[in-house]
Amino acid sequence: MVRVGIINVTGYAGAELARLLYAHPEARLTSVSGRSAAGKPLAEVFPHLAAYDLTLGEEIGDVDFAFSALPHAASAEALAPLVRAGVPVVDISADFRLRDPQEYARWYGCEHPAPDLLARAAYGLTELNRDAVRSSRLVANPGCYPESALLALAPAVKEGIVGPDVIIDSKSGVSGAGRTLGLAYHFAEANESVSAYGLAGHRHLPEIVQELTAMWPQAEVPSPPQPKVTFTPHLIPMTRGILSTCYAPLLPGAVQNGEQARELYREFYRGEPFVRVVDSPPASKQVAGSNVCLVHPTVDARTERLVVVSVIDNLVKGAAGQAIQNMNAMLGLNETAGLETPAVYP
Amino acid sequence: MVRVGIINVTGYAGAELARLLYAHPEARLTSVSGRSAAGKPLAEVFPHLAAYDLTLGEEIGDVDFAFSALPHAASAEALAPLVRAGVPVVDISADFRLRDPQEYARWYGCEHPAPDLLARAAYGLTELNRDAVRSSRLVANPGCYPESALLALAPAVKEGIVGPDVIIDSKSGVSGAGRTLGLAYHFAEANESVSAYGLAGHRHLPEIVQELTAMWPQAEVPSPPQPKVTFTPHLIPMTRGILSTCYAPLLPGAVQNGEQARELYREFYRGEPFVRVVDSPPASKQVAGSNVCLVHPTVDARTERLVVVSVIDNLVKGAAGQAIQNMNAMLGLNETAGLETPAVYP
Amino acid sequence: MVRVGIINVTGYAGAELARLLYAHPEARLTSVSGRSAAGKPLAEVFPHLAAYDLTLGEEIGDVDFAFSALPHAASAEALAPLVRAGVPVVDISADFRLRDPQEYARWYGCEHPAPDLLARAAYGLTELNRDAVRSSRLVANPGCYPESALLALAPAVKEGIVGPDVIIDSKSGVSGAGRTLGLAYHFAEANESVSAYGLAGHRHLPEIVQELTAMWPQAEVPSPPQPKVTFTPHLIPMTRGILSTCYAPLLPGAVQNGEQARELYREFYRGEPFVRVVDSPPASKQVAGSNVCLVHPTVDARTERLVVVSVIDNLVKGAAGQAIQNMNAMLGLNETAGLETPAVYP
Amino acid sequence: MVRVGIINVTGYAGAELARLLYAHPEARLTSVSGRSAAGKPLAEVFPHLAAYDLTLGEEIGDVDFAFSALPHAASAEALAPLVRAGVPVVDISADFRLRDPQEYARWYGCEHPAPDLLARAAYGLTELNRDAVRSSRLVANPGCYPESALLALAPAVKEGIVGPDVIIDSKSGVSGAGRTLGLAYHFAEANESVSAYGLAGHRHLPEIVQELTAMWPQAEVPSPPQPKVTFTPHLIPMTRGILSTCYAPLLPGAVQNGEQARELYREFYRGEPFVRVVDSPPASKQVAGSNVCLVHPTVDARTERLVVVSVIDNLVKGAAGQAIQNMNAMLGLNETAGLETPAVYP
């Protein structure tokens, strides 16, 4: 049994890690921390986790594996000593996602707390980066929006069927904003309403651009184009789930119709346990509570565009589930361990 | 491995049985039926169950255990041959809940299809009727409202601390109405609205009265009072969950305050894996997706009333989870098998 | 044109007053205050009120009529000088609802800021107290829960058909909790959940008891019974609306069935523009945005209980609409002025 | 007083027309029809419209103005005799939106019932087509999605600041699907879920393309480009509201930033009572129940794209409110008559 710790279990991602680990056959949650609630039983902070007999500490204790669900900056600070001590970790914060510390400083408004560790970090979108994840001891879990967008776009980009004019229009449930209070997340304000935000540039944009750029087929294009990505997140009145609708121009002769696009996507994701290419537009409810991503590529023949719709549960495949999938890969466990239960529907 | 079949998997209770059985360590779903969708893959009818490689049949095949999620009357008809053949079954419909076929005819508007089997049926509220469930091969799964109300009231009634003037005010999510379309369940009508229904007498009322009557302490009261139960269900704009608020007059000297009431309840439910007595009012979200029932008894000292609040997930503890708990008890398995994952929160 | 001011327009009740006054044919909103937002245009604080060209002040200016939407204690302090200066006011806070300052101190945890004014205050449930409202210059607007419960129970109590064992089970949308942030009102927590609260005694309870007690028919009962009221409020996942389900024992021979009860209620509310007795259970959506209260009394013949369901919009009939109705009555205007638009449905 | 009739009042658009007309100072609803409910009082079909004393007929009676809220094809059939008799009408169906009957047949799957009337029809997006509306007696009310998209894009297209590569990503509440039952609109399915639909081509697409094409500045571009429009509608879990996010490439040197774009938009919509250009991203809740459209244009400088977000209430500005605005324009009334009440918020 792998002894697992969660640093800052008090937010939604931390709680979701604890929920999922409860069913994990080879890992056991043995230590949780959370400063504001240190000293309290986990069952008091989260009644749905009453089956655990754990008390929150100021710090986590001795573990074989650690997840950090701290906010950015605080996360890198807390993880640095563990990484240096050789403890394998997955960081759910943004601290190790951007490879360039300048870019990090630009988007997150502070100096990176541990730039020397950036080179050790693997970007933890397991499906697209499995080898790096397996051999790393510091994995940066993707942001929830990048997770949904990159899984939607990767086959088209890597197979070279689309040009660089990419638009990503994402719709997220409100739990993505976390457990910290705010007027925009006050029930009476968020309910029965939809709004766009981050129009001036959301922090997940550089992450998407970085990963899409790295995907662009180098062989075919001598000077690979810098993708021109517009990303617009929206808040919609539901708790869990992200749907991303991604638009990109089809290169001439690439694919003729949706069936061909789905064929190409199916081939790309063959054998992947958590990504399913579906023949009709998916609903986010179909993946609620599960680590599955449904992807539905279509072709708008009138305009010669690829339109891809993907859905995930932002707290599972977009956070805690992806993190456990990464842990499994890092530790050589079955990648689906602890992540096999179907979605909770309806 | 117990081979399990679900008769009429196409509704929400059937689908929920399939979801929960997926994680069961000692049972495997091997056969599903559903007339309207016979011939279709389960994954097509319910995309969230894509992990199953099953096709719906007109009837279920050869199994070691069967659940019926058919509507009333149809259910007894379909189960009768199985019961007579000795196959252990749990009926999620109402057909074997009322012991009196006259009462059944009065409330369900048709003759009971198999009155000879009524004597064999055990009422499957496992916590209150464990011995009967264990020794029966035909278990009537409780209705979702009775489940929540009886778990809330049983300790008080059995311990003789309340009089017979009982009021049960229940609030249910819309999935309780099933998957069949209706204007009251149309999103634009049900959303942002609350309404009462069944004021002239809901079908779960006789079931509640029957079970409460049987609970009344015979020793203490020479002619035990017939409980006078008013039951009002309400539809509220959420998908899953029932909260029941139960009111009954405290007998003089019974308990002085909420702490004493909770003490008595804790004693009553000691060792029960799925019923937890909590110190603050529970939220239905705390049990979503799980088989847990949270119970919170309080005392209104001004009026000398016991007020008990209970929450369940109507599709789990109120249907499919309770059914699997019953199966486990009937087959001598660990009662919690397949039902251990924490609630999905938030 | 009556020049109207709103003290503390920044909460939901204040904003709703402004919305409704916009359509008032004989009153014009000319002054609004709100300390935290003083100096800001109303259109900035509330974009839906952009049609107003008003700026929030520290205090309201010179007006012919004032509403206070301040929290309790602060409200009485702010209103006292106006009342003493002869300006007619409606107080939406709780400060002038309880006639007994001791009772006020017990439930609100502070000394009453202006006990000398209590004798001048009329309880503003216009339908039940019209004469007092018309002749008062200080009207205490009822709490949202009392509004829904008292309109549901008044005909039965005043006509002497029920005994004093009253249970009120209320379900409220989340806007009733106001605009102040709190974890219980965080979207991800409140959505898809129902919970009870205030079980140890909600502040609206003494208000309900005071008004019900005053209603009890004195002639028929030499020593009129003190009503024994249990009141349980619940939070349900919608923005607007309250449904109250009220239970009371029928006195022998009072009414035989629901039809007779509705007949009696119709007679009681004959001519009232805002209370409608309906023949089927109402949905809160049917009154959203409007000043209407729908009441549906029924008889549970099995238990000889009266069960009454009422619905209101908590921000209109439960706050701002009732307040304007009171203003109209106080100023001798048509009571329906500004309150005639139908509910917004669906 | 203009005597107004509504043909097929039984859907959401019809009911909303009745709600809004109630407050109209110069028009009175005198006749309503609806075949399935003919003979029933309007108050029975829609309890929120109880203030009306009207009974549904098979047909509407003698009126000065008629709205049709029938489905397509049936609408043109019902309106043709009225139009020929000289009665001014607004058609809320799609029948007179597309100028080309071939295009109509292609998208709606039937021959146009009255192609001879097409030339008489004005497209009723009043803000963009006021003169034609004023002089027409047959106005085709826009679809809800085109309404939101065209108001968002018109200033940019007409002022020549964007190229023809247009993407419209729209999010709609469920009332847009009407009152007819369907599994996708069943509460338990639609709640807590988001999905895309119409990916193969939604019927509002040709309407959008037709109107955008007509807008393209002819002077500047000798052969004006055919706009290449991709339109993706999404269903989100709320009752009312549409938010459209529109993307188009900025032409070089057109506008440098969001402020300039908003300046241009403000100039374009100067004096319009129902379109407001706002400085921060609007929420659909800010216009619920009202005829207002909020538009927020921004510039994504990284990619040189214009991104415009607009919100409307799909049943008001997207249907009934726009229809009344058109009636006002056609009859020479004040365009805002009956449409002035602020949004219902929260």
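The letters A, B, C and D name the chains in turn, as written, and every chain counts its residues from 1.
Everything that follows uses one rule, which is that contacts are C-beta pairs under 8 Å (C-beta built on N, C-alpha and C of every residue); 3 or more make two chains touch, one makes a residue touch a chain.
Keep in mind it's a predicted model, so treat the numbers as computed, not measured.
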| item | value |
| --- | --- |
| Relative to subunit D, chain with the most remote C-alpha centre | B |
| Higher-contact pair (C-beta pairs counted), B-C versus A-B | B-C |
| Distance from the mean Cα position of subunit B to that of subunit A, given in whole angstrom | 37 |
| Multi-partner residues of subunit A (each touching 2 or more other chains) | 12, 173, 175, 188, 191-192, 237-240, 282, 285-286, 288, 346 |
| Touching residues on subunit B, where the partner in the complex is subunit A | 12, 15, 18-19, 22-23, 46-51, 175, 191-192, 239-240, 276, 278, 282, 285-290, 294, 340-346 |
| For the subunit A and subunit D complex, residues of the former touching the latter | 165, 167, 169, 171, 173, 188-189, 191-197, 199-201, 228-230, 232, 234, 236-241, 243, 245, 247, 258, 281-286, 288, 296, 298, 300, 302-303, 305, 307, 309, 311, 346 |
| Contacting residues of subunit A [partner subunit C, same complex] | 12, 173-175, 177, 179, 181-183, 185-188, 190-192, 237-239 |
